[in-house]
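Dropping the structure in here first, questions after.
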Amino acid sequence: MSLTIGFIGLGNMGGPMAANLVKAGHTVNVFDLNQSVVNQLVEQGAVATTEAKHCATGVDILISMLPASKHVKSLYLGDAGLIHALSTSTLVIDCSTIDAASARDVGAELAAKGIAFVDAPVSGGVAGATAGTLTFIVGGAQIDFDKAQPVLADMGKNIFHAGDVGAGQVAKICNNMLLSILMAGTSEALQMGINNGLDAKVLSEIMTASSGRNWTLELYNPCPGVMATAPASNDYKPGFMVDLMAKDLGLAMEAAEQSNSSTPMGSMAKNLYTMLQEQGAGSDDFSAVFKLFSKE
Amino acid sequence: MSLTIGFIGLGNMGGPMAANLVKAGHTVNVFDLNQSVVNQLVEQGAVATTEAKHCATGVDILISMLPASKHVKSLYLGDAGLIHALSTSTLVIDCSTIDAASARDVGAELAAKGIAFVDAPVSGGVAGATAGTLTFIVGGAQIDFDKAQPVLADMGKNIFHAGDVGAGQVAKICNNMLLSILMAGTSEALQMGINNGLDAKVLSEIMTASSGRNWTLELYNPCPGVMATAPASNDYKPGFMVDLMAKDLGLAMEAAEQSNSSTPMGSMAKNLYTMLQEQGAGSDDFSAVFKLFSKE
Amino acid sequence: MSLTIGFIGLGNMGGPMAANLVKAGHTVNVFDLNQSVVNQLVEQGAVATTEAKHCATGVDILISMLPASKHVKSLYLGDAGLIHALSTSTLVIDCSTIDAASARDVGAELAAKGIAFVDAPVSGGVAGATAGTLTFIVGGAQIDFDKAQPVLADMGKNIFHAGDVGAGQVAKICNNMLLSILMAGTSEALQMGINNGLDAKVLSEIMTASSGRNWTLELYNPCPGVMATAPASNDYKPGFMVDLMAKDLGLAMEAAEQSNSSTPMGSMAKNLYTMLQEQGAGSDDFSAVFKLFSKE
Amino acid sequence: MSLTIGFIGLGNMGGPMAANLVKAGHTVNVFDLNQSVVNQLVEQGAVATTEAKHCATGVDILISMLPASKHVKSLYLGDAGLIHALSTSTLVIDCSTIDAASARDVGAELAAKGIAFVDAPVSGGVAGATAGTLTFIVGGAQIDFDKAQPVLADMGKNIFHAGDVGAGQVAKICNNMLLSILMAGTSEALQMGINNGLDAKVLSEIMTASSGRNWTLELYNPCPGVMATAPASNDYKPGFMVDLMAKDLGLAMEAAEQSNSSTPMGSMAKNLYTMLQEQGAGSDDFSAVFKLFSKE
């Protein structure tokens, strides 16, 4: 079914996502403060708009993809917010990764005006955005999820419904916190094996076939040379940057704090990533945590 | 090929392992200080011996399965050790989980007398020992591994060659240290999700399909009620006890210390398991680390 | 010099602080939503006011002592805030413990109206508030600190100038984060000594005279029986509650996050205090972290 | 009272310690495998011996100061050990820092031959050894402590009796583990303050006067420029090397493991010091842990 969709935020992620919606046959209004990315999308068949308000008017679905919660709040809320321009027949899908509390705030204010909202943070990176293979983790009412699902499926492969508004953000940071733990833990286990005379490749195979199995061993081995296609074998070129993992862990620590959750492994991982940043490795792939454990 | 095999140490693990060798058609001499377990094995077709020395004489392969390194060292080395009784045509396979340094010591002393030795610690628990589906992680020369492999295959399903003598022990504790990190990390991620309003089952499904995927989410979910067959859904009845994980983590910390390896995640897991023991949960399944994070 | 002072927030801390200002000879207007604590202060010589605005009008100095940043922000800022009622001749002293960013926000908005502000969080507890021996850690301009200093001296013993507005809050949480580290570290060192056969009192004396010396060993030993007057020897009756330390550590983690600071020891302490809360010990004295390390 | 004393191990610490015994008027037999350090002591008035056995014969007290437990065990025990040469009228004082279990082993074997033994590890470094201001932490029977005390007082200022044989070692590593926690915790608290705009010197003064007070703030500030005489202000020239702290923390982790003690803060500190070593800072002063937290 062809829809009219507004898309605000055409950065590294948002640009290719909007392009995939065009390819899927939708009419896509686009907006970004950076005119050159707007022009690129127009060349691919999107319709330029010169204000966020115009982009959000008369559309079945409005999608936003912004860097942080302050941008999301400022786009939707306040005196100049889209909340005053949106129709109650438009479903808002925010794909930004922000804190759950902000997502719930935006959702609640929109709901008070009768406007439906889901949070739908993604994983899969620029490559997944381009290939249309992203994972979306969605928070919102079932009826809104059902409406969002086919559109998200035009940009991604796995679409999960995590719960009510905000639950998408919560599930994403739980997952990414766990991912950071897997990466740090796998790194130190591999290095301890190496320090005790084992071959990293052999040890990786053994643990992958045993109870140490995890996503990083299967697809993203942090030890240089073990997996030719992994960032570790390519000078830790990202991939998913240390700085981005540190940002997600910051959101996780905030969520832990607000819910009074004890997260000793996640806190440890957070501190390891902050140390990496302090050592100037913020732009490396997040598997570079391995370097903290290897000998100089 | 039917062999003559000596088997020393018929405890919860060793007993069913020896029984599987009998079933596979081997002639199995057995020895244990506990006469009643010897009698049980004899009923299943094994040959009783009344001294370790007799058990180890005239066999193609000698297998030992003992609680700790002091028992292994005392069995093989010293004035009363089997080192003085073993033939150079016998291959020694020690299946105990001990520190790598001790395994290397025993291997080196036996090698000096021309006696071949591999360390082959197992994972898979009593259930795996009984079903013959254990995993063996073997350290030793290729020629000795090749000789051990078919016999180990009569007791297990996955037989890995980790490297030289001692490498089996190293790989096992690297794996088990990583497992403890997966279990603790998965537990705190799930509980943080729960504390933020998510359903543990939904969150588990999402993370299993995402980059948080790991062995514990797939097969051994630590949150009660998510996975009906997991110890967590059965009052944390083991399974693999907290005390045993704490023992393996002790070996891991020793290996880290001796090789000057930095293992912040493993150290954290070690301390969580020690706290669990202090709170009286030593006999619970190791997934009970989840309880440290859940509200009273 | 006798001044006219407004005091808002007459809880466990604010009540005795205001009483000490009365004793020092100042004219003290008081306000609290709880009428009974207002009445108590009036009996001691204070002047009741029925609105915060009245309390803040015509005074040389206005002091607030509130539970959290939302209360402070709501008191001073917004359409109904005191910012519209305060005179530029009044110095505002906020003694609440809140995050530094909020303190800076309030300070900046007041400054824009020409109203001077210092943050002056305290330590010393209810006992110190009553005895007039509190420590104040002050953030603000030198001229404002000089004006605040004699009034704070009527309620406390040590008055520090930490830097500009917000610096008082930063210094306090740095100190309290370090305190939690001292307490947890001292606890585990003592328990490890006990587990290895040492007498806790002897070990405490040795470490107090050596490089392990710290405030907790000197004044607040966490091991029951070592120091008769410490909460540890009195069933961990507070003192300074686990819940309050956890709150301060939450502020510390927030400050670490916002400044991208790596705080592995503080994160660990935070998680230990959260675990204590989960185990139902939130109302115990914060030295009860010792119980996490002692055998059941 | 002038005694005849044997002294084995004339390294950076042992050399000046033996010299102070000579200065105090004792007859001091010395032995070391390094002939040049023996010669230096002879110039200062000591008596050279050419074998450990000769050094240990006919003396009231025998003191040893060796690098690690294997050296201590090999000196005293085994077929070639001093155990066969020592008189029952000689008190043995081992000042080496070794694991408590080894100290107890040596003590027990000597006791079985009627030879008295105390363990008396020191703190205070080369400067303290030279100045005669070392701290000794002694484990042994009261009668032996009383005999050792005046001799130790010729080399040090504080002489503590921690308990039975081995207790000196336990108390020392408890203290040094706590010291590492104080150093790491103080470092991260100071850096977090700096990152939030505070002056390190001002924050140090405030925390020294508050509940964050500890030995490192008082005497050994880890932030460059705060304390002119501290290693931090002198390019982290030791002082007490990272490598030595890491060694002591290794002994602490071993003691924790053997006594099943939970030491989360100590484990964290251990891992921080191991990371420092991995980054090539092993020869820096141990206050260089501060560098892990500061921005590049």
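Labels for the chains are A, B, C and D, by order of writing; each one numbers its residues from 1.
Here, a contact is a pair of C-beta atoms (placed from the backbone, for glycine too) under 8 Å apart; a residue touches a chain by one contact, two chains touch by 3 or more.
Everything numeric in this text was worked out from a predicted model, so none of it was measured.
**Q** If you tally contacting C-beta pairs, which pair wins, B-C or C-D?
**A** Result: the pair with more contacts is C-D.
**Q** Of all chains present, which has the mean Cα position farthest from that of chain C?
**A** Checked the centroid distances; the maximum from chain C is B.
**Q** When chain A meets its copy chain B, do both sides use mostly the same residue numbers (more than half shared) or mostly different ones?
**A** same
**Q** Taking the mean of the CA coordinates per chain, how far is chain C from chain D in Å?
**A** 39
**Q** Quick one: chain B and chain C, Cα centre-to-centre, how many Å?
**A** From the centre of chain B to the centre of chain C is 52 Å.
**Q** What parts of chain B, by residue number, touch at least two of the other chains?
**A** Correct list: 260-264, 268, 275, 278, 292-293.
**Q** Select the category (line, ring, star, complete, other) that matches the graph of chains linked by touching.
**A** complete
**Q** Could you please specify the touching residues of chain B with respect to chain A in the complex?
**A** 100, 123, 135, 137, 158, 160-164, 166-167, 170-171, 174-179, 181-182, 184-186, 188-193, 195-199, 202-203, 205-207, 209-215, 218, 220, 252, 255-256, 259-266, 268-269, 272, 292-293
**Q** State the interface residues of chain B toward chain C in the complex, per the touch definition above.
**A** My answer: residues 264, 275, 278-280, 292-296.
**Q** So in the complex, the part of chain A that touches chain C is made up of which residues?
**A** Answer in residue numbers: 246, 250, 253-254, 257, 260-264, 267-268, 270-271, 274-275, 277-278.
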